[in-house]
Amino acid sequence: MGVINAMIKVKNVTMNYKGAHRSALKDISVDIDRGEFVFLVGPSGCGKSTFIRLLLRELIPTKGDIFIAGHDLINMRRWRVPQLRRNIGCVFQDFKLLPNKTVYENVAFALEVIGSPTKAIRAQVPEVLKLVGLEDKLQDYPDELSGGEQQRVSIARAFANRPSIILADEPTGNLDPTTSSGIMALLNKINRTGTTVLVATHDREMVDSMRKRVIALEEGTLIRDQQRGVYGYEE
Amino acid sequence: MGVINAMIKVKNVTMNYKGAHRSALKDISVDIDRGEFVFLVGPSGCGKSTFIRLLLRELIPTKGDIFIAGHDLINMRRWRVPQLRRNIGCVFQDFKLLPNKTVYENVAFALEVIGSPTKAIRAQVPEVLKLVGLEDKLQDYPDELSGGEQQRVSIARAFANRPSIILADEPTGNLDPTTSSGIMALLNKINRTGTTVLVATHDREMVDSMRKRVIALEEGTLIRDQQRGVYGYEE
Amino acid sequence: MSFRPFYFLKESLVSFKKNWVISMAGVTTVALSLLLVGSFMLFAFAMNSLIKSTEQKVEVVLFLDQGVPGESVEALQAELMSWEEIKNVLYVSKDQALERLKKDFKGSEIVDNITGNPLPASLEITLKDPQKANNVVDRLKDRPEIDDIMHDREIVEKLFAVTRVARWFIAIFVGLLAFASLLLIANAIRLAIYARRKEVTIMRLVGASSWFIRWPFLLEGILQGFIGALIAITLLYIAKVTLIDKIKNSILMFLPIGLSQQEFYQLVFGLIVAGVVIGAAGSVVALRRFLRV
Amino acid sequence: MSFRPFYFLKESLVSFKKNWVISMAGVTTVALSLLLVGSFMLFAFAMNSLIKSTEQKVEVVLFLDQGVPGESVEALQAELMSWEEIKNVLYVSKDQALERLKKDFKGSEIVDNITGNPLPASLEITLKDPQKANNVVDRLKDRPEIDDIMHDREIVEKLFAVTRVARWFIAIFVGLLAFASLLLIANAIRLAIYARRKEVTIMRLVGASSWFIRWPFLLEGILQGFIGALIAITLLYIAKVTLIDKIKNSILMFLPIGLSQQEFYQLVFGLIVAGVVIGAAGSVVALRRFLRV
């Protein structure tokens, strides 16, 4: 298949949520190559999270095809989905931390899932959490953390197992500018090691300063796909 | 008491979470007058949400006194707390929407609680939701909304019953710059009708452009309280 | 802010529907628990009337002196009938006694060898409360009219020991069932409210008073309890009609098994009250923890 | 990624502790349900032996012809002893029969009027299976040695009708209890997993396979079932020692009530297996819905 050249290939995808009166995504086609760094921007409710959830196969599109590293997501058997997800690190907009596990255990879980040996986990988890500045919160539970701290745990979990793709949904929404820059720099560094990175964000400053590829959505339609782009033309 | 001059009076407040190794807030004293507009800024984990939760009496401080409109929050009887909260509109960092109620019902709930007549509720709720741009999502459930849409429901609920104080914790963290400006303009307008507004935020652009009073925290300590301030000195 | 029955009722109904999984768990728990209690109660009623009818067989027989004139006997019979403990007194004449003996020993040679009528006349006493038999015997034993009293104290005591144990077993098990049902229902309701604890906290933070939150949960608990009880009663009724009544009308015609219509209605009423009360109380108790915010 | 027993075991234990409210609800539900089943089983065992001992009282009495010689009687007795249905055969001589009669009618004038010994010798047969009485009677009724057979077909049939109904009642109620317990436990587990559905979804989204998620829940279900069963058994044991054994040793000495040590162990084993299996199966079934992500 010619499909496998792109790391992420989205082809004419339309997504209608059950019961919704309009499509969340309309006929979207995007190719993202291995090792690219892409910003996904657009106003609230334009379909960014939906796009990311499709790539994680949390949702199945109403129409269209999606391929990740050559794997057909539409026809993928259910038991193969975990395999797919283990190669994708996802920062969720609502964090999705396990409430009964500590910060350490939440991050460790992503490694347990891929069967990492205990030794490796003990070494890697504190290291990753240090990268996001949470080295002294290892034993705290999610509901004992501030919003920004929870977000950083979610970020740490997303790249703990060195996935080949990172999908980050609004990863700095709850972070101050300084911490945000740190996280973006980190994502940039990870990207330079060959990881494909897709970041949905509202952070205009960040997008404008980093000058990466920008994909812009509006009301579910792709309105712009620009190399070395900026957040928006107007305003 | 000389205390009742200020709308919000925080006096030497220290907050230690149970089991935490350091104080979330250390000896904070702040007075906010009726009708003021105040930004609360600081890095992730500095204690902004803790401050807001104290004002809502979700938490009781370890030390110090808090007065809201002259009422002593520390010695307040439990059955009087709802009365207090009905005069405070709060935008929560994690939205806190009722999952089993629609957008309409979530906002209506804040009015039911104060005993508004059904007629008034039917008229006011759609109006308030229109202000935040959700007029066509009335019958959706929170888990059918995008992150930003949920945040806007939380905002709508906060000022639906025209409270005398609005506490907003990161109210634009999940919103695009355009929508954010809209929300801030709205808060500003509400403030001009005499409502006291306290906004915890990371949005530097916004803080810098609005030039309101800025209170800055760092690691639980008040490091700056500045009229017509900016987000930060450095960076 | 006052009590608004219609708002709370609407809230509870809507919530019952929206939290379908939870509501159904509550309803089935109530239904099953009450079904167990109810069906064992039916069983207990049946056992009880069986026990009673066994006990009723206990009689005291007074053998009369040969020479006592008819009037004295009638006087004695009348007097005995007026005693509180006594239900009935049957006069068996000498002739009737002989006939009975002949019938009992029919086919045996014993009858042929009896000359004349050696049997005495007797009064057969049925007691209202068979446990009082010893009492009656004690009061009668020195009467001149009476030659001898037949009443096997030992066997009666054994019988009562057995029936007493059976009654105890049943009572203990009914108690255990009731207690277990209560805990099981309370448990299910606790889990149900635990699953919705976040909602409760949010309502508090938005300014809802405790009772404003409590009422819909309370009504929902009542609704769950009521529906559960109705289901239990329906199943019980079907069981009664198809099983017990059939048994009663066929093989067990001769046994005074089972319960009256009135007893059944009492049971039904009891179950509904139990369902509703436990549902309501369970909800309120389970809520308490989460209303502290 | 392979099966890692220690990791899963650790996860389940930790989770059991952290979800204390939920775990306890599960444990108490299992404990209460199994306690009900178990205590009713004890009750059923007791009732069953009571019924059996009542049925055992059914005898067939063969009145022997006056002229039958001693050897024939012995031969008949030996033959009967060899029959499968028959447990015991007791020879009652003419003299023994008269003595009994005198004792039964002591104090009455009937005894004085008996001349000589009109009573026949008899063989009293106890049956292994009392339900076979009619069979035995039919096979014996034309024997020349036998003058008459005493066996009240009607009364025996009535008795068996009663015991049959009692057995049916008990069986139905045991079935109902078992079924209700199963549903109640399944219900509690379903609610428990429902309360944790978000966790399951998150685990799926982070790349956990179904079995990786299932194992800890499964082990937790087993743990809940096991602990619940242990509690039920402990309570039952206490009840047995303090109640049943005491009753057995006092008032009911003469009744062959209650169960052997072995039956009790069987019951215990059954309850543990039931607890564990329902706990495990319930968890797996309840999880299914949420693993679809």
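Per-chain numbering from 1; labels A, B, C and D assigned in written order.
Note that in this section a contact is a pair of C-beta atoms (placed from the backbone, for glycine too) under 8 Å apart; a residue touches a chain by one contact, two chains touch by 3 or more.
Quantities reported herein were computed from a predicted structural model and do not represent experimental measurements.
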Contact distance in steps, from subunit A to subunit C: 2
Chain whose mean Cα position lies farthest from subunit B: D
Gap in Å, rounded to a whole number, between the CA centres of subunit B and subunit A: 29
Distance between the centres, which are taken as Cα means, of subunit D and subunit B, whole angstrom: 66
Centre-of-Cα separation between subunit D and subunit C, whole angstrom: 23
Rounded Å distance, subunit A centre to subunit D centre (Cα mean): 62
Junction residues of subunit D, two or more chains touched: none
Subunit A: positions in contact with at least two other chains: none
Arrangement of touching chains [line / ring / star / complete / other]: ring
Chain-chain contacts as defined at top: A-B, A-D, B-C, C-D
In the complex with subunit C, residue positions of subunit D that touch it: 21-22, 25, 28-29, 32-33, 35-36, 39-40, 43, 46, 50, 63, 107-110, 112-116, 118-120, 148, 158, 161-162, 164-165, 169, 172-173, 176-177, 180, 183-184, 187-188, 190-192, 194-195, 243, 247, 251-252, 254-255, 257
Subunit B residues touching subunit C - in the complex, by the definition given at the top: 56, 58, 78-79, 81-86, 88, 90, 92, 96-100, 109-110, 112-115, 157
Complex interface listing, subunit D residues touching subunit A: 1-2, 4, 7, 15, 18-19, 198-199, 202-210, 212, 292-293
Contact footprint of subunit A on subunit B as seen in their complex: 17, 19-21, 41-45, 48-50, 93-94, 136, 144-149, 151-152, 169-170, 173-180, 202, 204-205, 231-232, 235
